[in-house]
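For reference, chains read A, B, C and D in written order, and residue numbers begin at 1 within each chain.
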Amino acid sequence: MKDISPGDLEKGLPLVSKRDAAHKTVVNVGTHAIGRSNFTVIAGPCAVESQGQIVEIAHRVKALGAHLLRGGAFKPLTFPYRSSSVFELREEGLRYLKKAGEEAGLPVVTEVMDPRLVERVASCADMLQIGARNMQNFPLLEAVAETGMPVLLKRHFGCSLRDWLGAAEYLLKGGNPNVVLCERGIVAPHTHQPASRFIVDLQVVPAAQEMTHLPILVDPSHSTFRRAYVAPVARAACAIGADGVLVDVHPAPEQAAVDPLQALGYPDFERLIQDLRGICKVVGREFESSLAPR
Amino acid sequence: MKDISPGDLEKGLPLVSKRDAAHKTVVNVGTHAIGRSNFTVIAGPCAVESQGQIVEIAHRVKALGAHLLRGGAFKPLTFPYRSSSVFELREEGLRYLKKAGEEAGLPVVTEVMDPRLVERVASCADMLQIGARNMQNFPLLEAVAETGMPVLLKRHFGCSLRDWLGAAEYLLKGGNPNVVLCERGIVAPHTHQPASRFIVDLQVVPAAQEMTHLPILVDPSHSTFRRAYVAPVARAACAIGADGVLVDVHPAPEQAAVDPLQALGYPDFERLIQDLRGICKVVGREFESSLAPR
Amino acid sequence: MKDISPGDLEKGLPLVSKRDAAHKTVVNVGTHAIGRSNFTVIAGPCAVESQGQIVEIAHRVKALGAHLLRGGAFKPLTFPYRSSSVFELREEGLRYLKKAGEEAGLPVVTEVMDPRLVERVASCADMLQIGARNMQNFPLLEAVAETGMPVLLKRHFGCSLRDWLGAAEYLLKGGNPNVVLCERGIVAPHTHQPASRFIVDLQVVPAAQEMTHLPILVDPSHSTFRRAYVAPVARAACAIGADGVLVDVHPAPEQAAVDPLQALGYPDFERLIQDLRGICKVVGREFESSLAPR
Amino acid sequence: MKDISPGDLEKGLPLVSKRDAAHKTVVNVGTHAIGRSNFTVIAGPCAVESQGQIVEIAHRVKALGAHLLRGGAFKPLTFPYRSSSVFELREEGLRYLKKAGEEAGLPVVTEVMDPRLVERVASCADMLQIGARNMQNFPLLEAVAETGMPVLLKRHFGCSLRDWLGAAEYLLKGGNPNVVLCERGIVAPHTHQPASRFIVDLQVVPAAQEMTHLPILVDPSHSTFRRAYVAPVARAACAIGADGVLVDVHPAPEQAAVDPLQALGYPDFERLIQDLRGICKVVGREFESSLAPR
């Protein structure tokens, strides 16, 4: 395997590479700024299930401290059979999500999977998510780059940091500098199990920060698939220096339509926020923040 | 991790699962049949570089025993910068490939990456390849399923057999039964190196044959990225029971526009074919075959 | 792969398994107690290089907050050729280490590799380390169990939690209940690189705490092999809930005889201790502690 | 990760490295020669269960074509509790094994785990096996080197080729040139499952043959843990160019005391030998061979 070398950088990663140690990008999403000294919490359900559900969650996570609202309307599913009609509300879900964000005053982020739907999804979102499975879907990257909107680029579970930065380079080369990286667990050696399906690569946070000026978040929910590990991994992500976390939150986690094993209920989320505020103080991050970070 | 269980099969994989030990699908591509007792060799350059190049290769690999011609016109590239104008000839490359197949009398297989281009690629090919990076690009799978054409579905290097069969299930559910699987190496533990970048999962061949009626090939070129290992891995694939191999062949391998470290020259390819014929006899496969396998 | 199930526990892990959620073992090493609500810092050089070196380090890490002193006298080396005479001081190094611990008032932990040398190493140490490579050296485990001394059992980089607990079970079955686990990085998918050679499996901390009553530490130095990642990973280990960390500290890290890329100098170690104290408050751990933890 | 470079070779692997392409070591075990153009089959039960059992197996595998007899008397067990008294016959098993080899006229290979027992095991064996878990048990390597006897050095499932050759270098440096490598599966990415617990790294065969003059075998039984995959992987090992295979054979495989899921019965072993003879002809190996290989 070729590691990232200065030569590689010159050839392949001119736009995502850091110029110097102080070079850090801040990505503004609505009224919130991701990166620099801010610590960002993005929270919400894995899937938008109904208008009532997403509006209620938006108000609650906002009150508890979240900075952005997440919710899936289009979902990549390993098997083509849906076990429930609320798995994917698609366009309907997008409208509910947009309404929830507006009512609660939270910018919203949601996934787009098809280059033919980018415009439609973009019209309902403040930030577009490229899911792990589409990290190297190059036509999709090019279509999303054209929107100029903030992008949350998840790392594919089978891809290296170098591959990931290559995907980010497509977005920047396409004219879109508003890219935020998000680690969500990588293929684990089988010996990692039964801890969980993937292993969260927390070391990639300092590794990425050496290479690139882009902010980097961690998703403790999809990287562990297990409720009991979500708060510990989120705390560890904050302690290791990540720019934020993306957490599945659901009012009745055991009954979530998608991934019911991993969502946090409100009380667990509230405790987590309190811990994250404490760790932010230790690592020099600001939890309450707005468009003008230091 | 959930292993594949009968329950999973009922839920997620009804169409790709075997009914019984004798249940084996044959996929006809032009006048060639993939599967059952046939052993299939697909050969050609990683990238179509010019009309002259691909026509010459087609004639030569046909004469040496290949059953299908491969060649890339659209290439997924990790970084957005092309080092050469012959990396991706796109529509032009498709026309050359089609012409080469017709002149040599070989069905052609080529990759499609964008759902908006499926129709155009399909008009120049006898079989559509879904590349590893797009294995879980579900809108693309649905668009390819609609063509009804034979599909070569490569395994993502970060995906399990279960994920792979889930992707195949999308194709079958979309009305397309003509699916051939192709292993091309998976994410390796770092201890596998420096043998090569990926590790070819040859055990997945008998594992897949227990689960599914679909044929399964092995790509020894992209799974090793190293010329010296290509023929040994191709022989091993034949010996372990694969339905065929997909091999990069180039008249001047060191000067190939893409992946110059892995292509075989004609003399190496000729020796490999001779060895494969020998191993086919041991494992009960027919190398020379047509539309009517036993 | 078989996961740990209640049946496995009954068969293979009766002594290391938790009876209930409150079941937690405290391991006393000299006057320090590892486990329960204590957070333990073990610090010192990878290799004992001279009497002066180890005595000085002992005094300094003690003053900065460390609870135990580490230092290698016998080292497992991948290749049989020593590049330096101070790589392994063996018996001489043991005497220096013992003296340093006594002078500074710190209990000492050091590695033993050979069942024939257990008695000799035990006479100079307060805690015996089973290195990663010997985690499944069963004759060694049996010989160490017989001493009854506290044991630091490192996880082999190729072994699962189940294998690891099996090794701990050998120690407990041999009559020695004083076992502390220590994660030090596992075989990584190649895609984890170039972040570092191994990937630290922080999720194993909550996973182990669900299964066993034994304390669990993390070694951020050997799991990352890279100075810049040591403090971030140590902070993350504390935040995820580990019972402590084992950190390489050296007065002139770049000149360390063994593993010069990973040791912390005193200023970095001091900053780390300060951060760990802060995170301990958030996660409810006591940093200053003695034989009587709450 | 550092790959093997010429510099590494000079520093760490002077004795195991090849001088030139023709440099190949032959290791004589009793009257059989392993390496060069010979293909070697080592067969026998995972564990010696009784005198009658091992004597019968020895005669049968000899008649079917095996060149050496294997059988375990000391077994490394993940958990300290034996489910059966025939798991480990220890000294008793060694005597039975020696007798079986003498009666059938087959050299025998068996594992040694404890440096204190090397002499005793050596007195009953023609070749000593270092098991995977002890590959980096350096005191054991040094003790085995001193015997000068042929050594079968299995690769640890968590170790790289470089680590493995480092362990072989210990043996050669200790004065013992009679070393045969044996691949037995490595830690797999979880996505390899459910194919089996480990993944057999067949690519390591050509990779090792580039680096070292030592012969290399493959163990298809312990690398797959699954009877149905043993013969396919053994055929693949032969096709890829290995110097032989090490196969678990048992008269009643389902009732084997250890690893009952992986042993072959006599009919399966007979068919496998027939296939291996066929593949040997294709790859230029001699199956029938004696002390004087070409």
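Things to note:
FYI, a residue touches a chain if its C-beta (ideal position, glycine included) is under 8 Å from a C-beta of that chain, and two chains touch if they have at least 3 such contacts.
As the structure is a computational prediction, the values presented were derived from the model and not from experiment.
The chain pair with the larger count of C-beta pairs in contact, out of B-D and A-D, is B-D. Comparing the CA-atom centres of all chains against that of chain C, the greatest distance is found for B. If you average the Cα atoms of chain A and of chain D, the two centres end up 48 Å apart. One finds 34 Å separating the Cα centroids of chain A and chain B. Inter-chain centre distance (chain B to chain D, centres taken as mean C-alpha positions): 34 Å.
Residues of chain A found to touch two or more other chains are 1, 158-159, 162-163, 186-193, 197. Residues of chain D touching chain A in their complex: 158, 187-193, 197-198. Considering their complex, residues 1, 3-4, 158-163, 186-196, 199-207, 210, 224, 228-229, 232-233, 235-241, 275, 278-279, 281-283 of chain C touch chain A.
Across the complex, chain C meets chain D through its residues 1, 11-13, 76-81, 83, 113-116, 133-134, 136-139, 156-159, 162-163, 166, 169-170, 173, 186-187, 189, 193, 197.
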